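These are the structures in question, set out in turn.
The same chain A turns up in both complexes below, where it pairs with chain B and then with chain C.
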Partner chain A sequence: MFSVRVADARAFRDILSAISTLVDEGTFYITEEGIRLRAMDPSRVAMVDFAMNKSAFDEYVSSGELKMCIDIGELLKLLRRAGRESVELFLDEETGQLKVTIRGKYTRTFSMPTLEASEEEVPTPRITFNVKATLTTDGLHQALEDVSLVSEHVRIEAEGDRIVMNAKGELMGVNIELDKGSDALISLEVKEPSRATFSLSYLSEIVKAAASTSDVVTMEFSTDMPIRLDFKQQYDGKLIYYLAPRIEVE
Partner chain B sequence: MYIPWTLKYKPKTLSEVIGNRAAIEKILGWIREWNRGIPKRRALFLHGPPGVGKTVTIEALANDLDMELIESNASDYRTADAVRRIAGRASEYSTLFGKRRLILFDELDGITGSADRGGVRIITEVARKTRCPLVLIANNAYDPRFSTLRRHCLMVEFKKPSKTEIVRHLKRICIHEGIEAEESALRFIAERSGGDVRSAVNDLQALAQGKRRLTYEDVSWLAGRDRKEAIFNVLRMIFYAKDAETSRRAVNMADVDPDMLFEWIYENLPHQIKDPKELAATMDALSKADIYRKRVRTTQDWSLISYFLDLMTAGVTVSWSRRARGWTPFKFPDRIRTLSSGKGERAILSAIGMKIRRRCHISSVRAIKEVIPYLKVIFQNNPEMARGLARWLDLDDSMVRYLSEKD
Partner chain C sequence: MVRGRTKRLHGKKFVKRVKKKIPWIEHVINDVEIAGDLNLEDSGVKVEAFEGSLCLICRGSKRLCGKPRCPALTKLYSLIKVSRLVDGESLMGSSPPGVFVGRVGYPYVYAGPLVPPEVGDTSLMDTPEKWIGKTIDEIVGFRTSLVRSKFRVNVKKVAKAGRFVDQTLELALSREPVDTEVTFKRKPSKRILLDSEVQPMGPSAVLRSMEVGSVKTDHRIEKAYSDTDLKAEEAVLDLYLNGVPVSKIQRAFSIGAFGLKRQRRIVPTRWSITAVDSTISRRLIEERIKRSSRTINEYRVYEFNYLENRYIVLLMPGSWKYEWIEAWYPGTTWNPGSNNIALGGDWEGYKGRTTYASIGGCYYAVRLAVAEYLANEGRQAEVLALREIRPGYIMPLGVWINRECVREALKRDYARFNTLEEALNYISSRFTVGLRDWISVSMLLKDALYQERLPKYLIREWRE
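Here is the complex of A and B:
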């Protein structure tokens, strides 16, 4: 038995949209406490770790534990029709159909099939981070937009009270400095100067999508290790991304 | 639950791979080069006949060295974008869990069509630029399509393992399954496989599963199986399979194409299945298969092909009780025979149809269906009127002869 209601479809839609930057089909674990999803993109370079607890929903009913795999893109299509109206999800376990009811000026109920759940349990990467920075999501988003004008990769470095992003394209280059205490960089702890290069197509897609769900992001990384982006959510839950660095060749 | 033995006894580490020691050493040497930086040849092209262990070797290698394996196969090559999105990205970035990554492009032979030529190009690009080890697998690496790709790869050939090696493998399986097998029976299976370990293991499972003993007599009836006999076995498998899965697998064992296999099934159903209700049910499955076959042909949406194959095999199997009543031999499809013997007739019919089309402003197909039957009556009964018609339609002598002949 699984049935939930959110009074305003928008927030829920933004979260799903952020997850869909990495995965097309998502297997959600549903328990009495809430729903969660942890999945890697097909190339296994990036991972999303998402949870939304019971209290984040306006109504939440679930008995026991179950897995539900859905085509997130399809569900998003339905939710886009919902505007800021109320949405109810109901899983019919017998037929395997997910019923999506949108209540606004009129009531419509869509049904969509659930898919075969993935058996893979994705663990959390265990990494010792030497840099921990808190940024405004918008600040990070703007900086990445700047970099994407010149290159497909960005090198992120932290030393002292400063984070430096730089990139070199075929013709142009860019250097961005974020100082501690500035509008973009709220706080910064550097245990050891660190640097790593990441794919901009992933980073900016993730940050762009997550920006609509969150104002503040905690970014952690170490030299040539995966980066962790924890987007602070207004609801009771989490939205965290991991992204593997580019393999450096000398 | 049904588990194919090819899966159950798949080598999990390199030491379990049958034969090809020299090739495996070459692969290991290439992987070791990666420890010291990026080698001159970033990609390795593993090629050889089917069923000799190319894919399992790479999977065992990843397992032995605790590497993260990213696998792509033919269905992923359809667009350059998909290749770039999955393997292209994986080749450039490191892993999330600190393991090293190994990328595998399997079934490269499966690339076909014009959109896929882009596929080979993008694969070549990934092979040139990859920052982690990349393995390509194909049966025929010397296909002209791969000429550029080959230049960037370290070529490694997998050969057919010897008969003795295959026998040893079959013996191990028999011990595990608690089957007492005569050496001569296993030698016979190994011999017939022609070096294809996968097919040898499949044959062994088909012949020995559930038995305590496997004797030479159990297997020798397969002797000298030619193409025709092979299709008989496939048909027997489809008609009398224990479950849908076995039946479905028969398609891969058939050495005729699926269209031809359809004709074989269609021809033999009424002879094998005597109960009218069961016959109707199986024919129903077959007709649904035919619908999908047509849709594949008209829409070119090949993802539908599996429905065609499933309905034609498993669909038939599960639609009846599968109790044989006496032994009925399988027959060659009559439809194929009549189609080829009717070739001449069809040619002359359509020629007459074209003549009628010109005069009567109807399609030649409609002319054949609606006009020719009447012409035949006229030509066979009223020579005078026939002469006039022949002149008006401009029919030649052979056409007149055809129309005048009594059926």
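Here is the complex of A and C:
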């Protein structure tokens, strides 16, 4: 038995669309406490770790544990019809159909099929991070937009009170400095100077999609290790991304 | 392929007419056979060249374009052969069946059937699927012997355009060559542009009247034609899955045989080829390849050589991704003036692409070849398709050569490797272009070599 209601479809839609930048078909784990999803993109370069607890919903009913795999893109199409109206999800376990009811000026109920759930749950990476920075999501987003003008990847370095992003394209280069205490960089802890390079096609997409769900992001990384981006959510839950680095031997 | 460049290379659109009797040939050519073939007095072929063209200086004898054989002369011989047979205001022949739709003046374009001066089984002439193994001269011969009869038509008015369109449509639906009699407003133009970069083409003339013999329609295509509620995309896919060759689907597509009743369009041949390649491959990728949960578990290298083109396809374990790169030797069509090999390509990730591939239609032709292979195998892979073009490939013959050669490569035995390094070493031993150059252009190789994957960092603990 699984049935939930959110009064405003918009926030829920933004979260799903942030998840869908990495995964098309997602397996949600549903417990009495809430729902969660952890999945890697098809190339296994990035991971999303999402949870939304019971209290984040306006109504939440679930008995026991179950897995529900859905085509997130299809669900988003339905939710886009909802504007800011209220949405109810109800899983019919017998038929395997997910019923999506949107209540606004009139009531419509869509049904969509659930898919075969993936067997194993993905573990999270265990990494010792040497840098922990808190940024405004918008600041990070803008900085990455700047970098994407010249290159397809970005090198992020942290030392002392400063984060430096730089990139070299075929013809142009860019150097961006974020100082501790500036508008974009709220706090910075550097245990050890670190640097790592990431593909912008992933990083920008992730930050762009998550920006609509969050104002503040905690970014953690170490030299040539995956980066962890924890987008602080307004509801009781989490939206965290991991992205593997690029290692170039030149 | 990258047609726009022809104009840019020359900078000028002005065409200089050379006198009918080409005076230089007699002075320059000692070879009796060639000189005899060039006796243009009775052939009536008009020779033209761009002002400042290398061909005017070279005159077929100095190989200034760097190719082992003169492409202009190859086309000329072929055209002379045809023009002896096409010398009047009417023509009777068996259309393979074939149709050509121009793109100049869109949406008011020239369209019409292709008719050779030959009766009988001419089907080979317009079936590129069967051309692998033919020589350049044979293929140029197929192209030049098809006379393009044409009429003006508004692409949006398929239903109301009149008898010519109806007859051409009927002909395009045939499964066998159709006896066709055409009369022209004037004799077919037998002009040849002395140029090393233009695809071979036959003579053309504006239609006065046309008679089409009895047509045995291909019932699969006719079914899609008569279904006015079937979208063109679905029609194309259905026909492909029912085993209709791509060239046939494309022919019917270009003359506006598919789609919702009111939305049927005539589509220039060049665009229709890419539209069909792109549509079929996209659907195969979405509906077959991405749905399969297995990926190949080894590195595979396939190879095929044809007409001085070397094709290599590398399949790598991983979810669907595709990249196509061409390397043009100095002296080949798209790289005439430099001493370096020119590389160009385009790619798409798992989610596909939203813009037209910069390299052109060949990208989609090859994508079809690899997509149908993976769809049959029921596995995903990262696909890198490479082509090296040597000067011996004296003129572009169309995108079909890429589709068919890659299909051919994938039919053959492959070399298998356990690591990317081994596979790359093997590839570099097969190509003249160095590995570093391929890597510097290839997004897929850079990604495979430099991008780390997350599983390496995961700790196998099922619950935190």
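One rule holds in what follows: the second predicted complex is superposed on the first by the 249 of 250 C-alpha atoms of A that agree within 3 Å, B and C clash if a C-alpha of one lies under 4 Å from a C-alpha of the other, contacts with A are read in each partner's own complex, and residues count from 1 in each chain.
Definition applied: a residue touches a chain if its C-beta (ideal position, glycine included) is under 8 Å from a C-beta of that chain, and two chains touch if they have at least 3 such contacts.
Fair warning: this is a prediction, and the values are worked out from it, not measured in the lab.
J.: Superposed on chain A, are chain B and chain C clashing or fitting side by side?
T.: clash
J.: By the touch definition at the top of the document, which applies to A:E121: first (chain B), second (chain C), both, or neither?
T.: second
J.: Mind telling me which of the two, chain B or chain C, contacts the most residues of chain A?
T.: C
J.: Touching A:S199 in the superposition: chain B (first), chain C (second), both, neither?
T.: Both: A:S199 reaches chain B and chain C.
J.: Quick check for you: in the superposed arrangement, does A:P42 touch first (chain B), second (chain C), both or neither?
T.: Touch status of A:P42: both partners.
J.: After the superposition on A, what does A:L171 contact: first (chain B), second (chain C), both or neither?
T.: In the superposition, A:L171 contacts neither chain B nor chain C.
J.: For chain A, what residues appear in both contact lists, the one with chain B and the one with chain C?
T.: Chain A residues touching both partners: 40, 42-47, 123, 125, 199, 226, 242, 244-247, 249.
J.: So in the complex, the part of chain B that touches chain A is made up of which residues?
T.: 37-38, 68, 70, 85-90, 92-98, 101, 131-132
J.: Under the definition above, what is the set of chain A residues touching chain C in their complex?
T.: Residues in contact with chain C: 40-47, 120-127, 199, 201, 225-226, 242, 244-249.
J.: Give every residue of chain A touching chain B within the complex, in rising order.
T.: The contact residues of chain A facing chain B are 40, 42-47, 123, 125, 199, 224, 226, 242, 244-247, 249-250.
J.: Chain A touches which residues of chain C in the complex?
T.: 318-321, 349-350, 447, 450-464
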